[in-house]
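A, B, C and D label the chains in the order they appear, each numbered from 1.
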Amino acid sequence: MTGSPTPFSKIGPPSRFKQAIRHFGGAAFCGIGLFLLLVVYFYEQPLALSSFGISSLANASLALVLVAAGQTCVLLGGGLDLSIGAIVSLVNCFAATLMGDSILSVALVVLGSLLLGMLAGAVNGLLIAYGRLEPLISTFCTLFVYGGLALTIRPQPGGHVSDDFATLLTGNLGVLPYAAIVLAAMLLLVWMPIFRSRLGRFIVAVGDNSDSAYASGLPVRPVRLATYVISGLFAAVAALFLTAETTSGDASIGASYTLNSLAAAVLGGVALTGGRGSVVGAILGGIVLSLILNLLSVLGVPAFWQDLIEGCLLVLVLAAAGVQRLRIDDWTKLLGKGRS
Amino acid sequence: MSDAAHPIKMPTRLKDRLTRRPGSNLSWVILAVVFALSVAINPAFLTWGTIRLQLVQAALIGIVAIGETLAILIGHIDLSIPWTITLSGILSADVYAAHPSAWVPFAVVIAVGVSVGLVNAFGIYLLRVHSLIWTLSVNLILQGLTLVYTNATASAPSVPPVARTLALDNWGGFPVASLVWAACAVAVILALRALPFGRHVYAVGSNELAALMSGVPTGRTYVVVYVISGLCAAFVGLMISGYASQAYLGMGDSYLLPPVAAVVIGGTRLSGGSGGYAGTISGSLSVILLQAMLVSLNISEGLRQIIFGVILLGLVFLFTRQRK
Amino acid sequence: ADILSDETLAQCFVKASPSTIAIAPKSKTGPFRIAFSNSLYGNNWRTEMLNSVSAYVKQPDVASHVKEFKIYNAGNDVAQQIAQIREMILSGYDAIVVNAASSSGLDSVLNQAAKRGIVVVSFDNVVTTTKSINVNEDQREMGRQWAEFLVGKVADGKSILMVHGLAGTTVDNDQADGAMSVFRQHPNLKIINVYGNWDVGTNQKVTADALSTNHDIGGVWGTEGATGALQAFLQLNMPVVPMTGESDNGFMRLAAEHHVPALVIGQSPSLASAGVLAAIASLSGKSLPQSASIPLAPVTTDQMKPAADYFPDLPGSFVTDINIAKCGIAIPVGAVVK
Amino acid sequence: MGAVLDATGLHAAGLTKRYGGITALQDVSLKLVPGEVHALLGANGAGKSTLVKILAGIIQPDEGTLELNREPIRLGSPQAAYRARIATVHQELSLFPGLTVAQNVLIGRETRDRIGWIREAASIDTARALLEQLDVQDIAPTAMVSDLSLAQQQLVEIAKAMLFDPLVLILDEPTSALGRSDVEHLLGVVRKLRGRGCAIVFISHRMDEITSIADQVTVLRNGRKVGEMSRATFNPAKALELMLGDTPRHLQRLKAPASPDLQPPLLDVRDLTVPGRLAGLSLEVRPGEVVGLAGLEGQGQKEALFALFGLFRRGLSGSVKVRGKPARATRPRQAIASAFALIPDDRKAMGGFVGLGVGRNISITVLDRLRSLGVISPGRERSLVAGLVERLRIKCASPAVPLGSLSGGNQQKVVAAKWLAHGADVYLFCDPTRGVDAGAREILYETIHSLAAEGRSILIYSTDMNEFAILCSRVLVFRGGHVSGSLVGAEITEENILGLSFHEAAHAA
């Protein structure tokens, strides 16, 4: 049967637009939201454009943005980290308790904090990748362990943070806040190298279909482990930043970051089921979320309405994403899990 | 084909059970171990008074965990429980203060439970949002609603008498709470095993598309599961208000994750489709005993959390390791 | 009446310790713009605090000093509170009154505020920076008085159950320290520590747990939420023992009803109003101690009077001591319960 | 090309693998020689995939040894197998739907620059070159795998294996999902690789493919090796006998009883349209009629069945009537209520609940009928299940074992059993014998026959053209989403079907 016509239509590359939407749809959505929010914000608070105002905004969102980036790494690899907030608390307590004033001590504590964050992440990763535990439940358990450790290090808030360290991270260079520089550094020095290299590809592949990844000979377990170590690193940097900002250690400081990091990731179009999304989206999601929280105060929204509004907002965004899915007109695509 | 080589064996049900479901059996072993440990640490755990007390606590977790078990069996989760509890507790006390008649608390429980369940099912089934984050968001909304409604002050001076009966009284030496729990447990175990609804739950949890294509009413299953979960939480809200003799803000805060822990210790897999409520019963008892044991050890809060986390991790390690 | 009379201020803001320094006033012309930064909310105490301070600034004597009063709520999130305080600095308020989410966490941002000439007052959960005027009730003294009360009533060899509040908080540590300074002198009393998180349900649960595993409890050192501890005794049909607690309506009502020997000392929700008063005073050129103690008002069961000290018709969770007479702060109950 | 296998090749000896009570593989030896296609034959559950998984390093044998070029090797993981240049295309595809074709093909072997960053452009070139080697021109390397058809995914999977420049290439049922021309294409590729000195393992249930490609044939039955034949000695009838054991089997044409034209049509479809997928299908099926939906892969046959079963949520137009009553559905439950039943091809995704027991898989459709006093009666359920297990000769240790532990063919029988239990007026079979061995196939044929005899209407889509000739009284040939012609009775031959598939009929018969 030579020369037979091809039985199926040629499958070309998806259009650039479609591809962009696939990757950056969430990010674009957040970008628009961010723009609108900023307009409202600057209208309400014209002084926000001063260098103090800008660094206030940057400082208010950096920690969440970093934690959301860490969470995104885990999500891309098909996992989930409920303990990420507790890691933030743990590293914060560690840093604020041990930090002295000399440059050497600050440097050692910073290094130690990063290692501690990665260690905590590694424990999660080992439990999940090698201990074969479900991510949800095992990070739920380590949440208690890390939170308890933080509370043991610092039963009450306090500690000492070098002034130089605090101003170095929370101040600003002209109009450019150091927080933005920290974020850029994390992206350029950590995220980019990982996600332009093979490890990043493996992370996405494992998140997409871990059975295929195993059968394709990918080192599934080390990759899983790596996602948690990376997220631990991001959590540690966020914690160091919070330490500088709050100049103290507090075992409950990270508590709100777990849900908010998940929310930021979802806002930014990262799939909770793994393998899909971009860090740009998560970062914008983080900024949008913290900006909304800020804006609610600025607009003088009555205190008790804030939770309600925050919740409704989340639900609306989730529902908007859900309505997209409703447009799928094929039950098998809507529900299909085994996509091979 | 080749029937001779592989005859269809019909093993006894008992053997079946022992080989096929090590999880739920193991959870009773663990309960025994936890109990033995508690007694070793403090012999008072062997007294009927203490046991009765733990039974009441376990009943609260256990009833909430009915909904959680169902939600997890269909492959999802319900994290909107804490503020469903609080809202229902406060609302039932409030409405009862205005209209003191016996059925009022139950009407409130039903109204709260059904509405929360419907909202959850709407987002998770119709909009297909991940249940973890949807229910957490709903929880946040309920928190906001409660605060707005109460102006952040619980205002009713007392709770409905039936709440106190449910939580504090004894019948024939047994706490009413645990009798209610037992009745609910029997009902849910029966429903899961012998009603089509139960089969639907397992079918949806193990493969929703296949369930749809087998004619399972998947949407109805979601709705029923989440409405039951809402009802259980709302009912426990009423019970807790009776237990503390007042409804107060944050009364459900400690019910976010312990029910999940109870379900997991009970051998139900978080990925859905496998497990059951029998295991959750021992899971609830284990969680409560563990908490009480740590309280009686008189150690620092931080260390207590670490121990709770590590023990839970150990249990999870025993039960829920994924096969691959 | 003049809320700023020297006599009232002297009675109200007592130096916390002999070494307390005075904070120089930042004299400005009123009326003032005051921002109020609350952290946690959603429990009764905080709600009454917010309601009472809102009512307070509307009282004519006070309102004449206040041009704008705005409440920010951060939740128990230091970073969020810092962001909000930065927002207040940007908006150019004259004073910031704060109930802190963390005792040292706000230091750097509050220092920045002070540097820009803003009066900073902290109360309840106070901060550690010396740039702020701290207004509080002496928690250590409170804990000490409770302990003294129990020591006088509990027989040697018995146990005392200490139902703490939220582990790790300054308030909890101070109260416990004060108590231990007494208990340490009575080595024959066995001390059992549990954490009730200042919440009735948790109090009840941990007390019930403790009761069922210890049979010689002769007294309960309780704080906020002690209603739960008392209910645990009633629920288990145990004979009641001497107890202490804060000014929860339910606790006082039950104590009166069941004749439980009890000592009640409350942390008044009107501390917030005292904080606002301090801010106005400082802005009006009055010198205040950097760390000020508001006088305590202890009540025992035999002294309690219905409708004055406790309120049979109000919820158990109502915090009763909403007035601080010595500071001239009187808030009608109706303004607090809505 | 790198080093080639020397003449000894890959030698597996005494491989044994047990799963609990089931011995999936027992003392099987195998010699793979360079430049030869070694076919594995065996009924469903014979142990073919188990053997493949051992060679791919996915599972480890309980006993047995492996030697590559006379050196003993241990394949402890898939990586180890790839390092030994043994590449496998599994029965269940292992692709990443969220990645592009190039990313899939090169996964783990991406072209990188000096600092280790992936060079997408170079990767795309490599992928394109590999696809061209396989004579595949119609898949862009930048296309998303989720957009590809099953056949295309199969080719991507082979391209992925080719990247390892394999000494040994294992293809586990690569043709089961392919249409005729794709099969030809694939066999051409296999011949080419054989020419290059590759040792190839080839698994298929289609005897004609084995005849045309195999140099060596090993027959497995119940986990044991029961025969070995070379190209010269290969005899399909003999092989079938070995596969199936002593039971003699005869595949013969099952003639559906000619339906009297007086009977009104049971199923009446007019202009059924799904935008972009199905263009105006009209057909009438009378009771007892078995109608085939034929044509090349992906021409709308499957969509027709899915549309009837309510799997398209919106956009449907046209009318569907069963027994004269409107029966157009947008949900499977509606379709089931109008007495449709669908036996799908993708067992894992649509057919069954792999984690639940066989019994529960079967009874799920009839729970309401098994109730007495409101609860499901265990006795009635057990007897229903036992009856169907026996009728379809489902091979399982007990009805309580999870469906996932059964072999593919037996899983398919369970899916069919579920709908036999329920009963329906119109049975829709979607490629029911995909990856099903001759024995199970015959049982399914018998089943279809008896359904027709009972007066049901049956629609069948299949990728196996022979099936139409055996089963159907009428065949509709699809092309580009609509029916391009129909064949009746003796006209139903492969040649005629193919003819209509490629050329529009001047006039439908």
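Assume a contact is a pair of C-beta atoms (placed from the backbone, for glycine too) under 8 Å apart; a residue touches a chain by one contact, two chains touch by 3 or more.
By chain, UniProt protein names: A = ABC transporter permease; B = Autoinducer 2 import system permease protein LsrD; D = Sugar ABC transporter ATP-binding protein.
What you are looking at is a predicted structure, and each value in this text was computed from that prediction instead of being measured.
Trainee: Can you list every chain in contact with both chain A and chain D?
Mentor: Per touch definition, common to chain A and chain D: B.
Trainee: If you average the Cα atoms per chain, which one ends up farthest from chain D?
Mentor: Farthest by centroid: C.
Trainee: How many angstrom lie between the centres of chain B and chain C, each centre taken as the mean Cα position?
Mentor: The answer is 36 Å.
Trainee: Centre to centre, by mean C-alpha position, how many angstrom separate chain A and chain B?
Mentor: 30
Trainee: What whole-number Å value describes the gap between the mean CA coordinates of chain C and chain D?
Mentor: Using C-alpha averages as centres, the distance is 73 Å.
Trainee: Residues of chain D that contact two or more other chains, please.
Mentor: In chain D, residues 311, 331-332, 349-350 touch at least two other chains, as defined above.
Trainee: If I count partner chains per residue in chain C, which residues reach a count of at least 2?
Mentor: Residues 41, 50, 167-168 of chain C touch two or more partner chains.
Trainee: Residue numbers in chain B touching 2 or more other chains?
Mentor: Expected reply: 143, 147, 151-152, 207, 209, 212, 300-302.
Trainee: Let me know each pair of chains that touch one another.
Mentor: Chain pairs that touch: A-B, A-C, A-D, B-C, B-D.
Trainee: Report the residues of chain D in contact with chain A in the complex, numbered from low to high.
Mentor: Going by the criterion above, the answer is residues 56, 58, 77-79, 81-82, 88, 90, 92-100, 103, 107-108, 110, 112, 115-118, 138-144, 146-149, 151-153, 160, 179-182, 184, 296-299, 306, 310-315, 331-332, 346, 348-350, 498, 502.
Trainee: Enumerate the contact residues on chain A facing chain C in the complex.
Mentor: Touch residues, chain A against chain C: 45, 47-48, 50, 52-53, 56, 59-60, 63, 151, 154-159, 166, 170, 242, 245-248, 250-253, 255-256, 290, 293-294, 297-298, 300, 303-304, 306.
Trainee: Quick one: which bits of chain A touch chain B in the complex? Just the residue numbers, please.
Mentor: By the definition above, chain A touches chain B via 80, 127, 131-134, 136-138, 140-145, 147-153, 155, 211, 214, 251, 259, 262-263, 266, 272-273, 303-312, 314-315, 318-319, 321-323, 325-326, 331-332, 334-337.
Trainee: Which stretch or stretches of chain B touch chain C in the complex?
Mentor: It comes out as residues 42, 44-45, 47, 49-50, 53, 57, 143, 147, 151-158, 168, 240, 243-246, 248-251, 254, 292, 295-296, 298, 300-302.
Trainee: Going by the contact rule set out above, which residues of chain D touch chain B in the complex?
Mentor: Residues 22, 43-44, 221-222, 244-245, 309, 311, 331-333, 336, 342, 344, 349-356, 360, 363-365, 367-368, 371, 374-376, 378, 389-390, 393, 395-400, 418, 422, 437, 439-440, 443 of chain D touch chain B in their complex.
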